[in-house]
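I am attaching a structure below and will ask some questions about it afterwards.
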């Protein structure tokens, strides 16, 4: 098997403080990989580094064997990596339908076209409708995205990220702040949309993590202290000490 | 018009009437209007409206659709005008052979060229940085236009004669009505093009970048390039408007590209409503009317415009079109009639109050500005002496009583409003 | 809700339109000048002078052509060429056939061009342009046209008179020219260079400066520069706020040389300059104020001040324009613009000041005596801005001596 | 030549310090609230007009104190009932609100005080030449302006570095989101800073009115220049605003003082130009001619090449 994302000695400093201190990570194609760690460990920062939001202070990132270090977010996206955000990050004044359609446009090769009329593009609109169906927002498609409920916005967030059919999808705390039933729905949704794709997620809810992930990496103070199957992580002493603590014993 | 009104809807297909109805209506209106308002000055005012409709729509490509607040949009309008008036003179001196109606194209091209140059560095960021660069560029070009006399003609500007082109089908543009139809034709085409632009992937991404520029980068689009393309298109259409200005006025001056004109286009676009495609059209029409009609009747019309603008920004950020759009849900539920009576009830005292305030302001202004001994002034055809107590008492009473009655009507109006807009299932019986 | 009411304000105001009742038998003169914005003071002052002149000199005397009264209809052009053209259209639409305008040569250039085109395109509905103040020489030279008449002396004529005065002052060796960077400012500078070169080749022009119009907030750097150049005299065509600023700054640097100006009086300027410019500032103009030339004029001036205590007769040519218009109508027996224009061509006229004026036929430039006056508070009968300061005439150049050849090639309608 | 340089330097400093009085308030407001206040120069104008009216009744000196206070109160009201309300519509609306307010204030000033220049004069006691060098006077009033401006600068510096309020404000400038977490009443701090900023602008108007003229266009003339200073100086940096004010002040006076033109430059390289070429205006371009556009050129260049400004810590 070949790797989807490969991190070599990735580093990031803000001023004098080094937040990410030399991360090496190898995520295989088709794998569902979760990154866990205590607050402030740098999980979101790591996401931003991979997806191009932050520039690296050092190290290399490869996507499908191709170097993507320090490329802009849109270049990385075009190479097949799509992501969602921890804080809901949608297009609030546009309709839900429009949100999803925009997420699709690049993958359908419209680029910066100003000679196609979006409403006339049947294929594009059918695919949009399909994604809306998948994320369960068909009935809300004409509503401005800004007025959706929190859980709906989270679903839309995942919809936008997955619409373009990227091979690698990174989800940043997809179930944060959700109720139990909402979480269950979200897990089902994530399962569905990442079928046959590579998933990288940051998640706090251990239930979700152990339910979804094939492998787990534990990030503590900017360093990965362990990468393994859920089973082994649960039993890893170092992880238990550093992070899981009592919680792990309960689980 | 609701279909056009809403930039956001994503219907896949619509019946013929719904899709082309507004356009047919627009075309017919453009043809018929000068037959109804046929006086010279009316036609002239409509010419002005047409030009500003295009200009304001092009501005809204930046502000409303792209989220770019520009304080220097007149640059592209003015440069388009200058280029066109130069071409007008080339035609007159037979340097080039062209029909006059083609002129705005050259305005558009120079608008586009300058937008490409300026946009290449100014669209990197949105928000304040963009606004400040646009302000700086606007001041730079305006000041330069007074220095580079060869192209800009200095303070007097450059003038031309639109009748000197080849006469096609007996039209030489000597009369304003001929210019009207030229402007109307261009307006129709550019309105359609700008509308269609908003429905392309580019137009949609402009909205996306406006809403959330960072997120747009994570779905494959460079925010800078999206802004850049919007900016160029906007410059192009502003240039066309400038070209039409040149044809209509046969003179283009520094005023066309200075900060004042940039401010005016911001004003009219915002008053009209930036969130709607037709917002700038409404704004341009209303503002031109204010400018031509209101200024005929009062010297302090700019004060009223200023108050109106500030109140719009504060209380109705969605503009005049927004107020109209607010009534669409009630209209759809066929409950608009329920609002008529409360509107009249609240409207009459409001008019009383406003006429009190306005007459007070007008009287103060008259007392200060008129010649000594000239104490008579007239409002609404009523002649009175401003140096007697009565008029002041009347205006005071109007303002206070009107204000009080308006305030007392407000709860009822609010209730009626809520009733009219209540979801169908709960409030059905209560209305009508 | 408040917004809704503001819109209603607009609607109400639009409805309240029937403002001025218009008698059928009046001859309307459209007054197109700034009545709002930064130059409104100058515009409204001109408007009051026009209204007063029309009332006193024509209507009270029974009107023209057997009782027709003059009516001044104000149109606010906000000193913008574009807005002037809009107002011109409106005026024509409202039946105005005579247009008066004066502030800014830029506007005058636009108007004369537009009126020429209008008259060519609409031979049945022509209008006449009475230019009472715009002094760009081009208007009666390269850009002259049959429908334009100028009642003020142009920049060249004024400079010619001014340099006659400078010629006689042998102590002036170095002159500094400063003006606004636009057609009028440049015309003043060019004329100064030309006439000084002809009349006093020994005078050195130590500075020829153009500054942006209406944008300079502090003239001190310019004053410093003038001071440092060692100039014995300054010539400027500045007006409005630019004149106030320059006058103040020169006063503050303690520069004690004569300043020859075109417009350094009235509309707040005299008051602002006050004592700091006493016996320093000189003005070239038509229509002397002090000492009063005739009793007729003195009465006219007093009556005006009685009615407009805050305003001044800053542009005496307005009275000339009104009287000559009336006379031309009587002479031609018609109020049709083309007949009036023909009657005005070459017309000779005696003003309230008792001066003989001629409207030169070849270029429609008024030829009249020109005065050079000093800003002072001594022997002032009629002051400006109620400041105690005013203009006292020092030198008068006879009409014949002011005339300059024109390059105008007038094309007259048949 | 030395005379010219000496006085240009003095004048440049006077202008620069006056600009700083405006810019300091605007920088504080801009850095804390992110609102580039278009109406800031209008407060400056109001200061001049208030002081003019006060001077008619009780003379110049009381106006020096009362007018800025009135302007400050007015500014605080604008923040409390205007800006804070508009804040809910977002940043662009705030910017447009201040833009509209500037327009409205100008109209109101014209309505109340009329359209002509007001005869607002410096007090008699300051109407003399302080010293005369090379036969040129330096008016005492200019020195007075200099003194007030320096006094304000020192006062601001003391307050910001020594007092508790100053520390809060500094924290708010550099990390606007942090202050609320520290438990400070941010709306009150905003209102206070806006009021004080406006009062400073008002004070600048009071002392500039007699020197530069009190007329309805005085805000527009200065308005955009102050923006230039704030952006060039850098967000969140009072020191930057100070330096930028002086740069702009000196730039403008020296550009006028020094009569160099493009043709002089070309002459150095012995290039000759045609007198009637289409670019003739470019060849004859002189430094005094371009003086008023230099600040904007600087603004655009700074925004392109150094968006943080000269001394800014974060991007605009």
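As written, the chains take the letters A, B, C and D, and residue 1 is the first residue of each chain.
By definition in this document, a residue touches a chain if its C-beta (ideal position, glycine included) is under 8 Å from a C-beta of that chain, and two chains touch if they have at least 3 such contacts.
Note that the structure is a prediction, hence the values are computed from the model and not measured.
A.B. asks: Across the interfaces A-B and C-D, which one involves more C-beta pairs in contact?
C.D. replies: A-B
A.B. asks: Tell me, please, which chain's centre (mean of its C-alpha atoms) is farthest from the centre of chain D?
C.D. replies: Ranked by distance of C-alpha centres from chain D, the top chain is A.
A.B. asks: Any idea how many Å lie between the Cα centroids of chain A and chain C?
C.D. replies: 74
A.B. asks: Just give me the whole-number Å value for how far the CA centre of chain A lies from that of chain D.
C.D. replies: Distance between chain centres, rounded to whole Å: 48 Å.
A.B. asks: Give, as an integer number of Å, the spacing between the C-alpha centres of chain B and chain A.
C.D. replies: 44
A.B. asks: How many angstrom between the C-alpha centroids of chain D and chain C?
C.D. replies: Those two chain centres are 35 Å apart.
A.B. asks: Return the residues of chain D touching two or more other chains; collapse runs of consecutive numbers into ranges.
C.D. replies: 110, 114, 289, 292
A.B. asks: At least two other chains touched by the same residue of chain C: list those residues.
C.D. replies: As it turns out, chain C has residues touching two or more other chains at 36, 44, 181, 212, 215.
A.B. asks: Would you mind listing the residues of chain B that make contact with two or more other chains?
C.D. replies: Expected reply: 143, 147, 300, 302, 307, 312.
A.B. asks: All pairs of touching chains, please: list them by chain label.
C.D. replies: Here the touching chain pairs work out to A-B, B-C, B-D, C-D.
A.B. asks: Quick one: which bits of chain D touch chain C in the complex? Just the residue numbers, please.
C.D. replies: Listed in rising order, the residues of chain D that touch chain C are 1, 3-4, 7-8, 11, 14-15, 110, 114-119, 129, 132, 134-137, 139, 142, 211-213, 215-218, 221-222, 252-253, 256-257, 288-289, 292.
A.B. asks: So in the complex, the part of chain A that touches chain B is made up of which residues?
C.D. replies: Against chain B, chain A makes touches at 51-53, 72-74, 77-78, 82-83, 85, 89-95, 97-98, 101-103, 105-107, 110-119, 122, 125, 141-142, 144, 160-161, 163-164.
A.B. asks: What part of chain D is in contact with chain B in the complex they form?
C.D. replies: 34, 36, 82, 85-86, 89, 91-93, 95-97, 99-101, 103-104, 106-108, 110-111, 114, 224, 227-228, 231, 278-282, 285, 289-290, 292-293, 296-297, 299-300, 303-304, 307, 315-316
A.B. asks: Under the touch definition given earlier, write down the residues of chain C that touch chain B in their complex.
C.D. replies: Checking each residue of chain C against chain B gives 1-10, 12-21, 35-36, 44, 48, 51-52, 76, 80-82, 85-86, 89-90, 92-94, 104-106, 109-110, 113-114, 117, 121, 181-184, 186, 212-213, 215, 306-311.
A.B. asks: Show me the residue ranges of chain B that touch chain A in the complex, using the header's touch definition.
C.D. replies: 8-13, 196-197, 199-205, 207-208, 210-212, 214-222, 225-226, 229, 233, 275
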